[in-house]
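Sending over a structure as structure tokens; questions will come in a sec.
We call the chains A, B, C, D and E, going by the order they appear; numbering starts again at 1 in every chain.
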Amino acid sequence: MDIWKLLLTGSVTTVLAFVVGMLYMGLRRKITARVQNRVGPPIYQNFLDVMKLWSKKSSINHGFMQHVAPLWMIATSITTLMFIPILNNGSTFFTNLTFEGDLIMLLYLMVVGSLGMALGAGQTGNPNSAIGVTRGLTQMVGFEIPWVMALVALMIQHRTTTVAGLLDVQVQSGTWLMLSSPFAFIAALLAIPGMFRYSPFDIVGAPAELASGPISEFGGKYLGTMMTNGAIFAFVKLTLFVDIFMGGASNLGFLLLKTFALYMFPVLWGLVSPRFRTEQAVRFFWGWPVFFGVLGLIQAAI
Amino acid sequence: MVADPILYVALPLLTAFLLPIIGKINKELIRIVPGLLFAFLVYNSIALFSKVSATHTPIIVEIAGWAPPIGINLVYSSFTGFIATIISVLALLVWAYSYKFKKLEFDNSLKYFVLLMLVTAGSIGVILTGDLFNQFVFLEIVALSSYPLVAFYRGRNGAEASFKYLLVGGFASLSILLGIVLIYSQLGTLNMADIAAHIDEMPRNIKIVSFTLLFLGFAIEAEMFPLNGWAPDTYSQAPGPIGAVFAGMTAKAGIYALIRMIYTIFDFSGAFEILLIMGVITLVVSEGIALRQENLKRMLAYSSLGQMGLLMIAFGINTKTAVIAGMLILFNHAVIKSLLFLSSSFLVYNSKDKLIKDAYGMGKKLPLTAILFGIGAFAIVGLPPFSGFWGKLYLLMASADANLLGLIALILAVSVIEIVYYFRVVNGVYFKKSKTEIEVHKPRWNASLAMIILAAAIIVVGIYPNIIYDYLVNAADTLLDKASYISHVLPNLASN
Amino acid sequence: MSNIIIILAIFGWAILTYIAFRLNKTLGNIFVGLIAVALPVYYFTYVPEDYSFQVMGLTLQFGFTSFSSLFAILVVILGALTLLYSIPYMNKKDRLGWFYLNFLFSIGGMLGILMSKDFVSLFIFWEIMTWSSYLIVIFSGKKVNKVGVKYMVYSAIGAYAMLMAIVLINKWSGTTNISHFFETFADYSNGAKILSSLLLLTAFAVKSALMPLHVWAPNAYTNSPMSYTSLFSGALSKMGIYGMALVAIMLYTNTGMKFFGEALAWLGAITAVLATFWAVFQTDIRKLLAYSSIGQLGYIAVGLGIGTELGVMAALFLALLHGLFKGILFMAAGAIEYRTGKTDFSELRGLIWKMPVTFFSALVAIIALAGMPPLSGLISKWLIYEALLSSEHYFLIILIFLSSTAAFLYCFHFLYGVFLGQREDDIEDVKEAPALMLVPMVLMSFGLLALGTFPGLIFKHISSSMSYLGFNDVTWEMSVLTNEWGNKIYLTHLNTMFMVVFAVFFVIITLVARKKTRRVGTKDIANAGEPILAEDNYHFSQDFYKPFWRVISPVMKYRIETFYNSFANGIGEFFQFFRRVYTGNGQTYALYVVIFLTILFIVGATLI
Amino acid sequence: MKRIITILLLGVTGYFVADAVFSIPFGVDKLNIAKEYLLNSPEELKVANTVTAVVVNFRGFDTLGEVTVLFLAATGLGSILFRRRKYHTGLNPQREAPQASRIVQVGGKLLFPLILLLGAYVFIHGHLTPGGGFQGGVIIATGYLLLLVSFRKFAVKHSSLTWVEAVAGVTFAGIGLTGLVFGKDFLENFLPTGVLNSLLSGGIVGIIYVAVGFKVASELTGILDTMLSIKVEVDEENEEN
Amino acid sequence: MTEELMQQILKISFYGASLALILIGLYGVLTKKNLIKILLSMAIAESGLNLLFVAIGYIMNGTAPIFSTAVLDENNQLLETVTMVDPIPQALVLTAIVIGLGVTAVGLALVIRLYKHHNTINIDEIRNLKW
């Protein structure tokens, strides 16, 4: 492993992820506004926000855990990013650490950030944060199940646990897994809005009710770090999903197309749905998505 | 010093007759002399038992100079000697425990010790004798010395318990005697070996009836369900040490008579099954009843009945392993149950109703007694490394060998019940606060010593059971070998 | 000879310690410290040697196998650490001699179990371990009948199942030798196979708190002193796992009785899910940890049940790991109890300010428990999932995943409820736990950290012990995990990556931002514009996971415990009926005699 | 109802027992061991009364037990009724029975020595004629009963009873043990046997039977006296067990 | 009347009477409420048993087993014409009687105690110990 190469490609990938993520989030704000018949902020508004937050001079701090929580999250996101194949064309540029981890590890790696977040939020002493965290965790128990069902179905069917392996399967057969394993795809797709915590699953940080929940005590550079992380992590999730179900992308253009198309699903759904309560959300995820997950498993087993 | 099986019976009787006169010389001697006697019996046991285990041949004692079928004889074999040894050691310990027992004043200690000596002599007599009618006489001695012991204290319940015992015991003696009469009418002999040798000459219907009658009579003494209605009452009403006597001596005499009859005298194979079934019923019912017992001594009594059930099961299986198991359980029951009775008697010494909750909090007030009780409880439920475990293990092994899977499960299930009620008491003794202010009576050093010896026996045998294993195997061989019993008692029979 | 000597020495030392405590507390503590040091030193330097002797016509054999020595390492290390921890923890309590007597007896019992090469000695030490732990469970004197007797009864059910198996095995094979039993097991008839293995499984399942035989565990873990619970949950329950591994692998996997292995795996999965759910709703830290232990033991059962190489590896790794992290967590709970006297979430908060070392140890343990990188928990989880995937257990893996996701809930609850949140005046006097209590926790945390990157340190022992179970040539690498399909993860890269990124950002944000930030208290928060008064405490501790409860309450209503209790009551009532037989009237007893005689006559006339 | 059940049960039991009993031949010579007794009693022991020979010698061990049973009954009675030995004179202050009539009193006094004499005769000649220690002892006890009935204040002197009891019992057991000293069996005859049908025949048989006579007489008298002079002290305050 | 018929009559009367006594005694023990009556019933049953035992030992036209001068010739040999009955039942019955006496005595003493404690001798009312 050439450490310098990793440093270079890793940095490029991270920047790419940051930019794409930020743009998508800006687009979401714009689309939401247009749907609601508003003008909305410009697409680059989020860049401005992050720059503003990073340049803030003072912010308050409630202790060590709060201090490390955003770092914890961003470290998680970037590490995760390193293990995800960006392109499927075998180019060595975006390889990073792709072949040195697998899906199971990624599943766990992706929740490490939440833990850091939860602990940081906990230390602030704001009850809203803790309530938000409990809601978030509960909701996670909900959406992880169909998501994992879908992954398990694919992994067992194709006898590999790596993302790269699943990509290979799609490249060689020429079919996307969303077509060959439709039930697993539906189950995973229905889980996606939960991961993004957009409406109707936005009770975790419901601004009117919980004062933004877990992040309510974070400001300044902490919030800036968290926004950065959010952008990277959104890219991570979308790319992972595209890699697994939609055959990956042979170049960055396809990648942007596919991820954007995918991203529109939670966004648009969120626009037309009122908020679920926590238990309703969990019940939702354990309803149809799990049903499709079971179908997917059965398909894989047969 | 001499050692002779006859001394087991003759000396206690002689001492019992002499004791009133000795009491006139010095009152303290009333307490000391029985101790000397029991010490001698223990010596006697050790001397004889080591001799028997070395030679593997039983000692046959002829009485009045007449060879067995004519005269009465005593048979001191590895089997009978083992039980006799247990009984004599137990008698010594009970004496040590009762010495200056607070409730025994000079006036009644004479009677107490006379009765104790006679119940010991009677029990050993039942075990050693080779004559059916003589066994009956000794059983009556045991019974007649038990009745006054049960009613020894002045409370009204003692007399009640004693009367129930007498009523049922009367049935036992009638039934045994009738059985003996029937056998005598056919065979014209009363010697067990002689009867055993000629049992097939008896007409079948008379054999069945006499067997049934003897079985009933001995089963009453062996506390078989449903014939044991008297037993819980007597155990709970008798003075503390007498509970140990009943568990360790009289019940042993009864079960011995029963198994001697089934194993040696008669040749019914179905008898073993009856013994087994009745043992199972006794075990389950007694332990189940003990589960919700509130009276400590009654609880121990029912538990004791359960152990007798185990004993019947062991002897009912009728294999060598089973008999070894039976001997182990017999040993354990004698030692452990005695320890439990002796120690529990101090836990509820001044309590009127002997309720379990009266013993609460005694762990702090009587630490030694409480821990001894705890050891007893641990041992009786069969936890290693206490001696109770080996008995249970062997019994289970024997049941497995006999393909009695259900029996294994049943015994173990009952053991769980046992754990529940014993541990409830142990927990209470240590952790519950005593609600009533009952004055605590501390055991004297001699009583403590007796209990400690029993506990030490439990632990030593538990850790290193090999010290009694060979004796057990010998005893089992002896019991199972009917032909050698007959040929040892009646050497001329084969030539005739 | 040396094998049995070590156990006898422990027992003897236990009695000496008891006497020492009767004389003088300090002397007793010195005795405890000596054995805590001597135990690992002796264990890791002595040369194993087999020994056997005859008791009651049975042959007792002793000697470590490569498999049992794996568990012995855990017992010795955890035993020594918990002993050290106990010295300050128990210092204020009474009857220390009694406590340490039983403590050492249970350590000796565990080592004895691992040393036994035949079933009888296994049973003997098993029971010694059981009653000594029972005596510690009731040590506090609280709820002795409810908790203590329950523990003893369930243990007895297990132990007696084992006893039944032992006598049957003795009958079938003529010996109680364990390895002989395994070798000849294939020759048994089907009924014998099923019966003996199920009985043994029951026995071990009780100790490892597998549902539905787990009922005793939460209360027993909670009720004993925390210093012992570390050992109880960490090592003592592993004795059940030890036996379960033998049964599952030697009997089920290796002889083709896969069905029972599957059933075991399913039981384990159900245990893992339900116990985790229960742990989520506990309001007492000890109970939470107790249920969590049950859940983790369920994972282990899953690994053993599926019986593939990876599964067994996962189970053994998790067994050792669970000893470490649950040891830390119970110790942390003990430290909190020691300093504050409280264990309920509603009374605790903000202790991170006062007990930072305890917090970080607990944090490390929790991360390991949750299975997140960069700690070793990930490895155990990964191994289990890979094992389940490659053996195509579609639904088991979902259950396990459900359980481990739900585990995040109680992990957060534990950390938040005790250490985080708004601090209050009542913790102002609280100090960090004594050094001797911290040392074991910190040592074990370092162990978890090291294993997170270099699991090979333990894989070495696991692979040699798995050769005893019939998995020869288990390949392992120091820090690379490989599944059956050849997929790998490189732990060094993963962890280095994570740590480097973390460190970079840490430096940046600390240097750039921290200088300019202001440290404020937990009451200086944005509460939707309303200022919080100093006397108000807004710590969130009630109904912590209420929404989740609403979701799963339909399942949680059915508790097997209720069934057991009514069963026990039924038995009691049944025999209550029999008590009526003893009417107290002597004449009735006489009538029984005549009835019995009549029956005997009739039976005799017809049967004999 | 209970009676009917009892009758039914006893009927079934009785049927089986009767079936067995009636199959025993009646009045037929089926002697087995008894033949040896009938042979050895006059030949070896020189005891004319075979029953006595059986009771005292062949099955002397039973008789020792029997004597013990009597002793136990007396001891047990004392223990159960808690009589305290407060009085050692011949008068019992606690009895409250009405005074018997003059005729009874005089008759009793007159008969008492004769009864004693008869009893003594019966047990001294136990090995020659029907009768023996038990029968003689009972006869003597009747004499005392007569006195107890006749005289309100009459009481047996307990210290002498104790002595008689003890000496008689010790004699029996002691003679048995003396056999061991002479290198013979317990209760085996070690004295010269004499001539059949003379008073001084039978070796130890006669001596033991005399001892048994004294023993039985004293025990029974003691029992009678205890029963007649009970004063049970019920200690309701201290109902101990 | 032939010898055989005599034998049968004797047999039926002796055996029948003794069995009847035993059963009557047992019936009394099981149904009577009075403690003293119970003891007496037990004594009756014992008498029946003793009678049975002695009857079994009887030999037709036998004499008492006593070698008095009346049954011996000048050489101290038993006369040819004399049959002696079985001595063993007689000896054993003696023992049985004494034992019965002892039991009855102790029983009566217990009845006295119970009467003092309970002021009744009805067995149904003396039930302090049960279950």
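Going forward, contacts are C-beta pairs under 8 Å (C-beta built on N, C-alpha and C of every residue); 3 or more make two chains touch, one makes a residue touch a chain.
A quick note: this is a predicted structure, and the numbers were derived from the prediction, not measured.
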Exercise. Can you name the chains that touch chain C as well as chain E?
Worked result: B, D
Exercise. What is the chain whose Cα centre is as far as it gets from that of chain E?
Worked result: A
For this session: Please state whether B-E or B-D has more C-beta contact pairs across its interface.
Result: B-D
For this session: Taking each chain's centre as the mean of its C-alpha atoms, give the chain farthest from chain D.
Result: A
Problem set entry | Centroid spacing, where centroids are CA-atom means, of chain A and chain B in whole angstrom | 79
Problem set entry | Whole-Å gap between the CA centroids of chain C and chain D | 73
Seminar exercise, completed: Expressed in whole Å, how far the mean CA point of chain A lies from that of chain C is 36
Exercise. How big is the gap, in whole Å, between where the Cα atoms of chain A centre and where those of chain D centre?
Worked result: 107
Exercise. Which residue numbers or ranges of chain D touch two or more of the other chains?
Worked result: 6, 10, 16-17, 21, 24, 31, 33-34, 37, 59, 62, 65-66, 69, 72-73, 76-77, 80, 234
For this session: Give me the residues of chain B that touch two or more other chains.
Result: 133, 137, 140, 144, 147-148, 151, 156-157, 159, 162-164, 167, 171, 178, 185, 188, 190, 208-209, 212-213, 232-233, 236-237, 289
For this session: Could you please write down every pair of chains that are in touch?
Result: A-C, B-C, B-D, B-E, C-D, C-E, D-E
Problem set entry | Residues of chain B defined as touching chain E within the complex | 133, 137, 140, 143-144, 147-148, 151, 156-157, 159-164, 166-167, 169-171, 173-174, 177-178, 181, 184-185, 188, 190, 232-233, 236-237, 289
Seminar exercise, completed: Note: in the complex, chain C contacts chain D through residues 591, 594-595, 597-598, 601-602, 605
Exercise. In the complex of these two chains, what residues of chain B are touching chain C?
Worked result: 163-164, 167-168, 171, 175, 208-209, 211-213, 215-216, 220, 226-227, 229-230, 232-233, 268, 270-271, 274, 285, 288-289, 291-292, 378, 381, 383-385, 389-390, 392-394, 396-397, 399-401, 405, 408-409, 412-413, 415-417, 419-420, 423-424, 427-428, 430-432, 464-466, 469, 473
Exercise. What residues of chain E sit close enough to touch chain B in their complex?
Worked result: 22, 29, 35, 38, 42, 45-46, 49, 52-53, 56, 86, 88-89, 92, 95-96, 99, 102-103, 106-107, 110-111, 113-114, 117-118, 126-129, 131
For this session: Using the touch definition up top, name the residues of chain E that touch chain C in the complex.
Result: 26, 29-30, 33, 38, 123-124, 126-131
